[in-house]
Every structure is written in C-alpha cells, then in structure tokens.
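What follows is a group of structures, each given as structure tokens.
After this come two complexes, each holding subunit A, first together with subunit B and then together with subunit C.
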Partner chain A sequence: MWIYEKKLQYPVRVSKCDVRMAKFLIEQYGGADGELAAALRYLNQRYTVPDKVIGLLNDIGTEELAHLEMIATMVYKLTKDATAEEMERCGLGAHYANHDKALFYGNAAGVPWTATYIQAKGDPIADLYEDIAAEEKARATYQWLINMTDDTDLKDSLSFLREREIVHSQRFREAVEILKEERERKKVF
Partner chain B sequence: MHTFRKKYRVYVSPYDPCPPMTKKTYETPPQLYLGFQPYGLPQYPPSEALRQGTLWPALYAPYQSPYKDKYGKREADE
Partner chain C sequence: MKKTGDNYYDLLLEIQQVDFVIIELNLYLNTHPNDQAAIAQYNECVQRSIQLKRNFEALYGPLTSFGYSFSPTPWQWGKAPWPWQV
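The block that comes next holds the complex of A and B.
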C-alpha cells in the first residue's frame, strides 16, 4: 500500500530545447541501471531479506519510483513540443514510429526493458551486493548524463538524483554491516 | 581527508589516430570511505538538505564534469 503525493520529490526544470537529450535520459528510465529496474529490484527483494533490512529496501524502492517520475518529467518536457521531423533528427524516429510522444521503458539505444536486468538470488549478501553495484552504476550514468548537457537547470535535477544514489549506496553498505553482526560486538582475541 | 576524484595519466602513442586525452579521472565518493555512519554527525538545515539530496555534509559530494564543456577534450582541472 502506498500513499501518493501529487508532487515531484525534487523540482524538474528544463530550460534548453534539446530533444536529443531526451533520448539519452531514457537510459535512466528503462535502462539496465535505470530507476524502473532499481524500484522493481528492491521492492521484489524485500520479501526475502532478514527483517532488519526489509524496511530499507521498502523505502529505497519506493524512492526510486519518485526518481522514475522525475526522469519521465524531463523526457516529457523535452519531447512534448517536438515535430515528427525533430524527433527523427534527434535519433528518436524509431521511437516516434512506434510510440508517438508516449514514453516507453527502454534504454538510450531503444532496447526495451527486460526483467533479466534485475536479480533476486535469495541470499541476502548476494542481493545487497547487487544493490550496491546498481547504485554505483546509476551514479555513473548520472555523471555521464551531466557531462552530456549544458542545461544548468537539468544538471541541477540530475545532480540531486546522483546524490541520492550516493546515500542509497551508503545505506546498502550499512545493511551489509548489520547482517554481518560484528558491528557492536566487543571482540576479544 | 580523501578526495572525491582521482586522476591518472594515460600512455599516448606517437601513432594514435586521434588527438590524445592525456589525463583520465574517476570518482571516489564518500560512501567508499565512511563505513557504518557514526551517530551525531553534523547535519544541514532541512531546506538545504532537501536541496542537496542529503542531510549529511559527510555524504555530500557534488559532481562537475571533468571536461571543459560538452565538446571540450581537455580536463578543466589540472
């Protein structure tokens, strides 16, 4: 059960008409390390991890859905006023032929999202290590996207999302430490 | 204190086809170093925290492109 708040987690402003950037941002929408994959990965793994870390996967998985909305907003703003010709010129001709301006879950190269992007091994350490890796890969994707635009408003939103990946990675790393259960114990050798 | 960006030099061959990028960088953000976050670390005021994406200065690591601009080859910081 979720409660929906009808606002974005962080404001999304796009100040440059740059349809091409929409194509690249889609990587973070429906790519292997994108927000959809992240949300579904954590919200699915949460059932079979030890009690102590269920809440973490629940909260981070939920937040990823909020990030998904932010990316969708960016893509929508960049494409909503584009003509068929502009879409084609910016590498989105194939997308337009299939979807018009509708968003779709795929990566920057147009490959549709697949469940094989995510794992659920049932081994808590294996799953949390995958989650840490996923956060670092998403952080890297945001870096490359920031490198690809000179729109300062877009960069601002992307920087916020990148910072959240850092915080999530930190919390998953702490979850591993909790499961190791050596944290508070006084060790005597 | 650790740095959030590391640099290294790359070998350039006299026979390379393209103008060289002699320096490469990679990011090493704070979560690699913090360990289990200690209690009582300093916090940002709420409005600043919401803007920056974290409550904790210890986890704040803003990213700037290492390139001069979108088209620039050279890294901005030496």
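The block that comes next holds the complex of A and C.
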C-alpha cells in the first residue's frame, strides 16, 4: 500500500519556458537510467532479496517515485506555455503530434520506456550491483543535464536529484557489505 | 481554506526540510539499525513533522488522503493546487 502526499520531495521552480531543456530532461523520466526504471527496478527486486535488505529496496524505490514526480513537474512547467511551433523547433514536434503537451514515458530521443532496461536476477549480489550501477549512471545523467542549462532554479532541483543518487549508491554499497558479512558468518557456524 | 499565498511556500518548505531529514535517516537506519543517536533524531523529526503538517493542513487542506488526514466539509482532497501546479 502506498499513501500519496500532496507535496514534492524538494521544490521545483523554473525561470522560463524552455522546451529544448524539457526534451533532454525526459531522459530521466522514461530513459534507461531514469526515475521510472529505478522505481520499478527496486520495487520489483524487493520480493526476492534477503530480509536484511528488503526495507532499503522498498524505501529507495518509493523515494524514486517522488523523484519521478519532480522530473514530471520540471517537464510540465518548462513546456506548459509553449506553442506548437516552439515544440517543433526544439525537437518535440513528433511528441506534440502524438501527445500534445502530455507527458509520456520515453527517453530524450523519444524511444518509449521498456522493461528490458531493468533486471531482476534472483541473485541479491547481482541485483544490488545493478542497482549501484543504475545510481551512478543516473548521477552522471544529472550532471550532463546540469551542464546543459543556465537556469539556476532548474539547476538547484537537478543538483538535489544528483545528490540523492550518490546517497542511494552509498546505501546499496552498504547493503552488499551486509550480505557479504552474513554469508561469512554462515560459513563459520 | 486558502489556495496558496501568505505563508504557503514557507510552511511547505519547512515540511519538505524536516521530511528530507526523515527520509535520509530512514535510509541510513536501514543499513545502520543500531545507531541510537540517529533513531532519537529520527523520532524527534517525526514529532516535528506531525506538528508542521497539522498546522499546514488547517490552513491549506489535507496533504494526504486514504485515512491519513482528517477532512473538513466539503471534501477538500480533490481541490487544486496539486504539487506540480505551484
């Protein structure tokens, strides 16, 4: 069961209508290393990992849903006042033809999200290493996005998300150590 | 019930700040379950968060539904603004 809270995890403000940047940000909405992939990956893996790390996957997966909402808010705010012509000029003509200003789960190049982006191996170490890699790739993507905008409000929200990837990666690394320790202990007894 | 304005953004920010500490401690405690100081800080922040939300909801309507907040009359939950609109 999930409870919705009518607030963003961190404020999202944008300084101007910017369709060009919205197109790039969609990478973190429905791209391979984006927030949708992250949330669905962890919330799906949690069923078959050892008890000691279920809580971590459950909670990070839940936080990713809040990040998905932040990215959606950025895209929504950056495009809501755009004209059809602006959408087309900034590379979202094909998106506009299909979706108007509605959001859609795809990457920056318009490729729809696919479950093949994520894995659940049934091997906790393999799953956690994938999760660490996913966080590091998302961190890098946020850096590239920050490099592509001069909107200080947008940079602020993107920096928050970049930092969260670092924290999640750290927690997953600790989870790996916890499982390794447990494995060693079992060998002793 | 006011829409936004007045202290809406300031009060919301205070909630976001304390809830951020809560999430951060929550994740940390998942891998450090015996850190007593962190647990104490977590519980303190939960108390603070409950107070801040009670105050915010009295002014601007419920932050949660599904039985986690009381509703005034008429039913307030479906009313704007939603988070991406502010």
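Basically, the second predicted complex is superposed on the first by the 181 of 189 C-alpha atoms of A that agree within 3 Å, B and C clash if a C-alpha of one lies under 4 Å from a C-alpha of the other, contacts with A are read in each partner's own complex, and residues count from 1 in each chain.
Keep in mind that, in the parts below, contacts are C-beta pairs under 8 Å (C-beta built on N, C-alpha and C of every residue); 3 or more make two chains touch, one makes a residue touch a chain.
Please read all numbers here as calculations on a predicted model, not as lab measurements.
K.L.:
After lining up the shared chain so the two structures overlap, which partner does A:Arg139 touch, if you call subunit B first and subunit C second: first, second, both or neither?
P.N.:
The answer is first: A:Arg139 touches subunit B but not subunit C.
K.L.:
Between subunit B and subunit C, whom does A:Glu63 touch in the aligned arrangement: first, second, both, or neither?
P.N.:
Second partner only, subunit C.
K.L.:
Kindly classify A:Thr149 by the partners it touches after superposition: subunit B alone (first), subunit C alone (second), both, or neither?
P.N.:
first
K.L.:
Go through the superposed model and pick first if A:Tyr10 touches only subunit B, second if only subunit C, both, or neither.
P.N.:
In the superposed model, A:Tyr10 contacts both subunit B and subunit C.
K.L.:
Quick check on the superposed pair: does A:Glu163 touch subunit B, subunit C, both, or neither? Answer first, second, both or neither.
P.N.:
In the superposition, A:Glu163 contacts subunit B only.
K.L.:
Applying the document's definition of touch, where does A:Gly55 land relative to subunit B and subunit C: first, second, both, or neither?
P.N.:
second
K.L.:
Which positions of subunit A sit in both the subunit B and the subunit C interface?
P.N.:
After superposing on chain A, subunit A residues 10, 167, 174 contact both subunit B and subunit C.
K.L.:
Taking the complex as given, what residues does subunit B use to touch subunit A?
P.N.:
27, 29-31, 34-37, 50-54, 59-67, 69-70
K.L.:
Contact residues on subunit A for subunit B in the complex?
P.N.:
Subunit A reaches subunit B through residues 10, 139-140, 142-143, 146-150, 159-164, 166-167, 169-170, 173-174, 177, 183.
K.L.:
Can you name the residues of subunit A that touch subunit C in the complex?
P.N.:
3-12, 53, 55-56, 59-60, 63, 69, 72-73, 76-77, 167-168, 171, 174-175, 178
K.L.:
Sort out for me which residues of subunit C touch subunit A in the complex.
P.N.:
9, 12-13, 15-16, 19-20, 23-24, 26-28, 30-32, 62-66, 68, 82-84
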